[in-house]
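As structure tokens, here come the structures.
You will see two complexes here that share subunit A, one where it goes with subunit B and one where it goes with subunit C.
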Partner chain A sequence: MSFTEAMLSSLYRWSGGVKTSIGFVLVAICCLFIADLEVSSIDPWAEMWRLAEGLFHPSLMQSSLVLEALLSTLAFAFAGVALAVVGGFLLALMFHNAFVRGFCALVRSIHELFWALIFLQFFGLHPLTGLLAIAIPYSGIFARMYAEILAQVPKLPAQALPPEAGYLNTLIYTRLPLAWPHLVSYTSYRLECGIRSSAILGFVGLPTLGYYLESSFSQGYYSEVAALLMLFYLLIATKKIWLRRWTLPVLFLGSPFFLGDGMPIVWGNAWRFISEDIIPAPLRNSEAGGQWESLSELSQWASDIMLDQALPGIWNTLVLSQIALVVTGLCALLMFPLISRHCYSLPGRIPGHVLLVIARSTPEYLLAYILLQLLGPSMLPAVIALAIHNGALIGYLSGRHSNELALRSDLPNRRLDRYFYELLPRIYPSFLSFMLYRWEVIMRETAILGILGVHTLGFFVDSAIQEIRFDVALLLILTAALLNIAVDMFSRRIQRYI
Partner chain B sequence: MSSLAIQNAYLAYGNHRVLGPVSLDVRAGEHLILLGKSGCGKSTLLNHLYTENRKDCALIPQDLGLVDNLSVYHNVYMGRLQRYSALRNFMNFVFPADARVAEVTPLLEQLGLDEKCFSTVAELSGGQQQRVAVARALYQAAPVLLADEPVSALDGPEADRVMALLGQYFATAVISLHDVDRALRYGQRIIAIQNGELVLDEPAHRLTVSSLDEFY
Partner chain C sequence: MFKMMFRVLALMLLAGSAFAAPTFVFTAIPDQDETRLKQRFQKVADYLQQELQTEVRFIPVKSYAATITAFRNNQVQLAWFGGLSGVKARELVPDSRAVAQGVEDPEFKSYFIAHQSTGLNAADHLPQSIRGLTFTFGSKGSTSGRLMPEYHLREQFGQTPDELFNRVGFSGNHSRTIALVESGAYQLGALNYKVWDAAVEAGKVDTAKVKVIWETPTYPDYQWTLRGDLDAVYGKGFTARVEQALLKMNDPELLSSFPRQGFIPASNSDFEPVRKVAKQIGLLD
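And now, the complex of A and B:
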């Protein structure tokens, strides 16, 4: 029986992973026809050439400013993550409660930049804005992961304790020490993410790296951009050196002093924001009398926003993120052999490691910002940015997984044969689960890239804020959050099915 | 004429010396059976023979070395990866060529696996998986077979059928077994390993089951 016959007959069973992948690829291909992927800038090559030239001639204009930017980037990251660790841990202990789980899902499904945009209206350009913008979503993220890690701890030591040991003792003597290494390594990974988030917050005006990057970039000082970026990579690449047990207290205690002063909080503005600005317009303007009238106005208001802004925003977010997801997967599958010991010798893997570190430490928002300047506003730069950052991250995780595999001694000699017949099939299930975990992240980032001008949900949020219609902005942010929660639930279902 | 040879070699498993000094001469056209307690160094000896003579040997490792997520067909095809270009191999990976499927099917039929050609290895039982590893070695059609307990998961008649097939396809073979009776039936020359040394090296027809019992 030939392969074609077998495939058509009932003998052939597609594996769940292959079916899922084919499904995703088909959806992405359909999206390609709808998506706007054109290069609209007049001469992208000339600009790219200037950028490349700048990258090879890094120079610092004012080193004191740069030092300040780096310090405040670190300070926001540390202070925000420290708050989130405390909050997340307390929430993790209550994670069995459905309300807490829902609350965590909601706060982590709203992107840091959206939180920053909300708090900007509330506190203004005050350090608290940046601090809470990191601390709140990260608390939700930590709560879920900490709860998962604590749930996986062996139960036996806790059962062996004397019966009246009590909750706190059980936690301190058994569960926490057993979970400790996992908690530490996850927190350290998240700290790296926190540094990226903190850098990005500069794009909305906080005094972190993004602020300086944007101003250098918009003035065309590409050699400054290059210097700032290289310092940023250096900071992340040397994390193991400066992040030690004995430096931690210094970093955490010192960070509040480097957040900058910002502007004083105008409490009147803060109060107006919650008492007036975010109340839906029809309710705010109506007189106390016509209750039914205002209710129908409210539904009219909500449906107008849904039809004109939320639906197109959701549609574009979905189209863009599905394309980005599949391109991300392709990038990861292309990149992971570069760091696999089954493909290259130790010195041969160094360029791969360098490439992957740079690609995964560059935040997608920053990449998208740069590419949008070069290629003009369309979905193309956003897809490339998402694929480079996330592809490098998943490529790194898959490559590391492939290095743990013990392969048989009669391996095929050629690298390509080894890749397709040994490595790819063996790492594919874990690759797929990395991708499914990343799906929600890609969706959240896609929404946020709208702030840069692609018409995803973030675009409509940003325009509502610029029109000082915070009620509309908040409704759209909640819509984006619900979309993320839905995707997260869907991806977990698929994971169970595979 | 000798096919594989080792002179005074010391063999280690990890950092732990298992065998040595060993000298062994496998003559072309002979079927050699290795006997010995588990952990005595049979696998180490076979792996050493394989790494020294990769080009001429087909290997059936003890843990089979199958790729669980791939189909039986793909696993068997892997025996001939080096015969085709990387591009051909890639195309066959995505869409198996009819001509290759037609080559693999008769082997699978002889091993009672023809129904399972396009099932993934993960779906098969332990005995079926072992036969897939055998099929891969048969398909490779190398001059020499090196097999480490190739029938350990098969029941009596099935094990005999597989041993007969291996004998028929490979002129020269080094096979480790733990069944003394089967060793005498299929081997022409028996080697027993004990305490890190080759303690017995005799033609099979001069040995009896009881004379070999002390090695187990």
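And now, the complex of A and C:
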């Protein structure tokens, strides 16, 4: 048997999961050759020194302002997630419908920041902007996950019911109780994501932590940045303490009172947005010209946007996210043992927990900026920033999952053996499915890295919004949404194959 | 879900209408230090409140586009715009007018700055050797950090910035442009001359590492713009009173918020050059 045959036959014996992983790694390696990963910085150390100095001397600005920001961060997160849980659950019950599935994929494929930027046109700086910017995409996310959790429930109990038991009874008495722990665990994880999203919405003007974080950061007030970040880490790290069954109702019911008042809504603006702003410019401006003329102008307009923005944007987004995805996976596999009870004792896991909280709670945007100083502008800072953030998230989920595993009793003593021969194979399937979910998230997140001069789709969307061209923005957002839906469908296929 | 949303909507509508008393609201583009924006502009709000005898409120926003949107949506009635954002806002809001500008604004300019490793020195035009370097603008919607620098690059080199440079980034604001060029993350940058001068004076810039290599010819920039429908809402003569209040503002503490020496009258036609350039570059339809 020749060497290649041996390779092929061994490949044949590998599981779908391993083959999928190899496929992704190969694609990422190809992307490495195309991607722009140059290191070009010259002397970052002065700024880095200022940053380090600031981080070690945290100082709070006005503490009343910060307290207000903290409360509104929580308020937007809880109110938004609560709406999304209700919406997501109802949508999950209809998830067999292709239209509903498409709708959910569409709403979750648009980044919270873009939702917020759209609603800013409608409602202006009003609490509704932030609330819906979280609730809408999260509904789509919840719908998908809830539907999947409900689908995985054993069918036997439902079949044991008498045939006249209706849909609602089957749901309440068999499917829901069986799925309950998984639903709760996923929702609690999403709450943490909601707090992060809520904080980040401050970047576009909502009164949450991100507002002050971005302002201080952009002026180089690093000691204020440090204080705000530490507060945020503390909030996430102590989630287990303050997020209890008995605090939940208080938090959910209390949240609407801390959203702030904002500015009054002028409803004519919402109508104008729909009836004028998002109508393609050639149609909007065509009063004199004939129908055919404006039609050809429209196709010219659309093809210009496609060629100059959408296609390069899609290309860069794909290249960047394929590399970032694989590096994210590596980071996660390196980090999850740090919080696994099979690797370290309880005190030994504390540094791991601290590291993971910091890495997953620091907004990618901040990481990218720091790395931009160190490495110069290219895709590299984006790849690393995305990998640190998402790697820590998946590392956290995988570590948590590994803690639920009961390992065999004749476990190897050496930690390395235990990792490779026991832990890794056991968690790999769930690790892979976390990764496949994260794939579309990473794609969405490549959007916010325009500061690096990397022209992803999100870069063009942001430009269009900054230029007050919502027709262009909408076309690009829909393009991004279609790309996300395609990735989503593809990742479902892979999921089934594994 | 929709029922729930409607309920929330209805609640917020009620809450919103309770605030519908005609408070006069203004905002400013976030081109200066945003962290102190609220405190600094609160003093301006207090001044206007006293002069106009009506409730005045300042709201801070995060981007140039958000300033324009708030003005267009009539959530603010007065705004301190940059050249480009003002032109855009006035295109979107019929009858709105530029009423006052800073003493310095008719002759505003941008600086091109370079990291010392490029070996570039101050000259009366941009050298050919900037081709292929890396370059950062400030915010995408800025006049001094984007529009005018891009215009002059196109004028002098006959190419778009993307064709001219190896990489083109958007730092987000003027201070960050300085930081990024000082560290060499980008080799070149362009920004508002006042922000540079203030940073140098405050000792925040290492001028051994980064220096000005070219200053653009002057152009009109910042201005106060008012909506055209104020008299109908706030009473006859209100527009004129706002104009007067702005023009006679002379407290140095208030003026330092902008920072300007004082305010002089302005009109829409003063900003015609900015509008033409924006159209030429394709930032305006």
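Rule of thumb we're sticking to: the second predicted complex is superposed on the first by the 373 of 498 C-alpha atoms of A that agree within 3 Å, B and C clash if a C-alpha of one lies under 4 Å from a C-alpha of the other, contacts with A are read in each partner's own complex, and residues count from 1 in each chain.
The working rule: contacts are C-beta pairs under 8 Å (C-beta built on N, C-alpha and C of every residue); 3 or more make two chains touch, one makes a residue touch a chain.
Only a predicted model underlies this, so the values are computations on that prediction, with no experimental measurement involved.
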*Quick one: classify A:P412 as touching subunit B (first), subunit C (second), both or neither.*
first
*Look at A:P264 in the shared chain and tell me whether it touches subunit B only, subunit C only, both, or neither; answer first, second, both or neither.*
second
*asked:* Is A:N403 touching anything from subunit B or subunit C once the two structures are fitted on A? First, second, both or neither.
replied: neither
*asked:* A:T247 in the overlay: touching subunit B, subunit C, both, or neither? Say first, second, both or neither.
replied: neither
*asked:* Between subunit B and subunit C, which one contacts more residues of subunit A in the superposed model?
replied: C
_Partner chain(s) touched by A:S15 [first = subunit B, second = subunit C, both, neither]_ = first
*Go through the superposed model and pick first if A:V86 touches only subunit B, second if only subunit C, both, or neither.*
second
*Between subunit B (first) and subunit C (second), which, if any, makes contact with A:S463: first, second, both or neither?*
second
_First, second, both or neither for A:F420, with subunit B first and subunit C second_ = first
*asked:* Can you give me the overlap between the subunit B contact set and the subunit C contact set on subunit A?
replied: none
*asked:* Considering only the defined contacts, which subunit B positions touch subunit A in the complex?
replied: 47, 50-51, 54, 58-59, 61, 63, 65, 67-70, 73-74, 78, 81-82, 86, 89-90, 93, 95-98, 101-102, 105, 115, 117-120, 123
*subunit B-facing residues of subunit A, complex*: 1-4, 6-7, 11-13, 15, 17, 407-410, 412-414, 416-417, 420-422, 425-426, 428-429
*Enumerate the contact residues on subunit C facing subunit A in the complex.*
1, 4-5, 8-9, 11-13, 15-17, 19-20, 25, 33-35, 37, 59-66, 68-70, 72-75, 88, 92, 115, 117, 134, 136, 139-141, 167-173, 175-176, 179-180, 182-187, 204, 206, 209, 283, 285
*So in the complex, which bits of subunit A are touching subunit C?*
40-44, 46-47, 61, 83, 86-87, 90-91, 120-121, 124-128, 131, 135, 139, 203-205, 211-212, 214-216, 218-221, 224, 256, 261, 263-266, 269, 281, 285, 372-373, 376-378, 450-453, 462-463, 465-469
